[in-house]
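We just call them A, B and C in the order they show up, numbering each chain from 1.
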Amino acid sequence: MNERINNIRLFLKKYAIPIGLLPIFMIVGVLFWGGLTGAILQSLGWFPAIGLREITLKYYREIFLDTDLWSSSGYTLYIAIIPTILATCISILLAIIINDLNGNMKKISNFIIKIPIMIPYLVGIYMVIVMYGQSGWIARIMASLGLIKCTSQFPEILYSNSAIGIIMVYLWKQVPFMTTIIRSNLISVGRDYEQVAQTLGANNSQIFRYVTIPLIIPGILSSSLLVFAFNFGSFETPFIVGRYYPNTLPVEAYKLYSNIDLCYRPKAMAMVILISILSTIILYYYEKSIEKFKYIKK
Amino acid sequence: MKKFILFFLICGILVFVLTAAVLAFDANKALQGKMTWEEIVAAAKEEGEVTFYGWGGSAITNQWVDNYFGKELEERYGIKLIRVPMNIDDIINKLLAEKQAGKKVGIIDTVWINGENFKTAYQANLLWGSYAKLLPNYNKYCKPKEANIDFGFDNQGFESPYSNALFVFGYDAAKTEPFNNFDELKKFVKKNSGRFTYSAPPDFYGSAFVRQVFCATTGGYEQWLGDFNREKFEAKVQATWDYLNEIEPYLWRNGKTYPESNAKLESLFQMGEIDITMNYSFLAIQSYINQGKIPPTCKSFILDEGVLSNMNYITISGNSSHKAAALVLANLMMDPEVQISKLDPKKRGDGIGIDISLLEPKYVDKLENVDLGPATLPMDFLYKNRIFELNAKYTEAIEQGWIENVLKK
Amino acid sequence: MDRENVNYVVNITKKILKKVMLFIVFLYILSAIIPIVVWSFTRSWFWPSAFPQIWDNHAWQYVFSNVSKVPQAIANTIIIALIVMILSILISLPSARVMGLYKFKGKKIVEMLLLAPVIIPPMAVGLGLTTIFIKIGLSDTMQGVIIAHLIPTLPYVNRIISSTYETFDTRYEEQGIMLGASSFKVFINVTFPILLPGLITAALFGFVISLNEFVMTFLIGGGRIITLPVLLFGFVGGTSSFDYPIASAMTILLSIPGIIFLFATERIIKEEYFSMGF
């Protein structure tokens, strides 16, 4: 009996790696990649339900020839990059500021800054609509004060080409997210090195510039990576407060998908695959470029 | 003694099984008209529940369906109504996906549907069959020649009437002076720049607006009744795009973006960003006033070119497992009491789907006593100015054309 | 002015600027609460008034009634989030251990594969997954939605726990075994307490991600499984009779589980834990 148990133990030890990875691969591997495979097949024209059995690249060709989809890609990239940059800058500043606070202010700040993280995007979207829409609360207050007379005099924040509404929603949600991560990096990662630097005689500002900042850069970069990835593929926000046409790639893909005419579905799948490939490429290069900063941590 | 008990037990089981078999709903038998209505009602009670899928974006509609209609269904027939809010596109996608996956028994029993969506579902064989004639209320209160024409398409009784829609416009009499026809609309938008818009086709309502523009700019709707005539369409439709492109810079947001649904358009109206609203229900304005969403000074108005009118229906899905209950639901929806309750803008504000001329005098009285409210135009006035929906192929062509010629500039 | 005074002024200005920035940020985060609360008690509020013309609580009555489906949605949302949280931790424990402790060929690729759900949009995965789920009968079911929620959750949970393992010294475990304890006891008394901060952070992420997840529930749940985000989308998403009072009441309700969870874990999770995995 004991020998049996020992054999099992040895087996587990030997194959610890694949066994350990098994559960998560079942979910991520099977479901996730399975789902993608289904999409890939449909995008290549394999759609037996409506009689398409020919593998073809014509849907991809259609997409490349569609100038509106190029515009949509540009729009998507724009609303992926700008809020990420803004959020990163603001979050770094905020993380430092909150870190330097004391006592109760610090506690309150900690709490408030985390609130948007716990609340769904839809709430953030709704908040921006209610507050900053042309008929939102701010506009109404201004109208009551006589500053504007009709709604069109208030800036076009929602549904606009400049996507300010979308950016505002993303900032509301992502600045807290990044600030929390950067701040916690500040606390945990820097401590030992900061102490060493102090004993070596560096003053506060030197410690900050030469020790703290390089140490938190990995955290900043990897969280900005996450934020960028999310913004690129996001659906709810552009769908509700984006401009009508052409909207972002995920929204346009969904519109095609939900078209009653099933003929559009392979094209929708092709769009979805292209979005996936695009985000993978962008993020691969992004990840590579921050590789060199990671060595500091390890 | 033991033998007796066993005997009774077996008899009891046999009786139970036989009763169940008798009451069990044989959908095919029913469809062929071989079951009586009483048998159908009894089978429905056995089934005990039915799902009703449809747009759930109006709280007052939801409340009427759940609190009034669901209650009636339960009290009169012992059937529980399960309302599932879902947009029609998603419903059809779901039925299609189930069909694709070969699902024999689905969870969608009844659907609130009409027009192109119905045609798609019908042609994809997602629906049960020609059941309308099985319903007593259909035979009593509907004229098949009129009730079965859904966007110029004969539905063969695959759907049964739910509501009648009469397309009207709305404005706030305290702030705005409306227009009487599409020519005056042109002047209106130029004078009130940024205060008018329409939802983007293929949204149902925006599509209806563009269809009316189409009829108006091509010289009337009568010429388009009947089958789809591509040559004639292509020859004349340019006037529509010219008109819409001409007014585009004067629309809300300079036409750079359109509201994607009528709900958004109505929200713009409610919130004071535009001055004109539109709706397929001629009672909508009054209903919104009752709900406090728009000021009491608001009123409905129609255009010289006519009132676009259509019907919307209930249909039963092919893979429903509660077909008897679905039949009872569809029948109850055509009950005059139910229709009159639905009409009242205080309860919901939705047009009558059955034929008023076939109602018994007591119902006609009840109908006349419903207060439609000061913002509503009288039904007979609207009926007199009715124009009918064109063949759904025109709708498709117009929607596609709008996207190509107006949206993409 | 001499040098000291200039420094002093600069410092004070810095301090004021910092406080102002903090104030603006908090204002931005919190200020929308006011009009939302006001809208939730509104019957009629027309332009250009700064406050409603008619107040009432019909929105709250609707939201708490069964017609609105809010009670079911709250129950569904929380149950799903809790199950997803627990499942994702259970699934991640073995894999996080592997990723955190071992070096092996192809580890980089495994890392990227496991991160894929973060990079590839849920809309992309969801659309492809829908057909598969229908075929295997998981669409419109709680189980299906729960499994679908695991997709966005697992990468985060796995990453956080694996970074905890990175700083874990297996010698503690070895000592426990040498002293005669069974593997199970070692796990409970040695490994688990050390992992705890990471586990709690991972649990928080798992719970919150599932709580706020919309796309997966929308596509897989198919309208039958109603969670708060899906319900709210129906009232804000543009195809509903834009009903500000009801949408406001729903929004407030939708925010409450998250905030309660925040309160509950405030004590337990120290600030530094949030950087785990990043």
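Following the convention adopted for this analysis, a residue touches a chain if its C-beta (ideal position, glycine included) is under 8 Å from a C-beta of that chain, and two chains touch if they have at least 3 such contacts.
Not measured: the values here are computed from a predicted model.
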Contact-richer chain pair [A-B vs B-C]: B-C
Distance-maximising chain from subunit A - centres being C-alpha averages: B
For subunit A paired with subunit C, centre-to-centre distance based on mean C-alpha positions, whole Å: 13
Between subunit B and subunit C, centroid-to-centroid distance (C-alpha), Å: 39
Touching two or more other chains - residue numbers and ranges from subunit A: 135, 151
Of all residues in subunit B, the ones touching two or more other chains: 90, 100, 259-260, 271-273
Touching two or more other chains - residues of subunit C: 47-48, 131, 238, 244
Subunit C partner contacts - residues on subunit B that touch it in the complex: 53, 55-59, 62-63, 66-67, 84-87, 90-91, 94, 97-98, 100-103, 107, 259-261, 263-264, 266-267, 270-273, 292-295
Residue numbers on subunit A that touch subunit C, as the complex places them: 16-17, 19-25, 27-29, 31-40, 42, 90, 93-94, 97-98, 100, 109-123, 125-131, 135-137, 140-141, 143-144, 149, 151, 171-172, 175-176, 180-185, 187-189, 218-219, 222-223, 226, 229-230, 232-236, 239-240, 250, 253-254, 257, 268-269, 272-273, 275-276, 279-280, 283
Residues on subunit C engaged by subunit A in the complex (per definition of touch): 18, 21-22, 25-26, 28-32, 34-36, 39, 47-50, 90-92, 94-95, 97-98, 102, 104, 110, 113-114, 116-129, 131-132, 147-148, 150-151, 154-155, 158, 208, 211-212, 214-215, 228-229, 232-233, 236-238, 244, 247-248, 251, 254-255, 258-259, 261-262, 266, 271-275, 278
Subunit A residues within the subunit B interface of the complex: 49, 68, 133-135, 150-152, 156, 159-161, 243-245, 258-262
Touching residues (chain side subunit B, partner subunit A) in the complex: 89-90, 92-93, 96, 99-100, 116-117, 120, 194, 200, 253, 256-260, 268, 271-273, 407-408
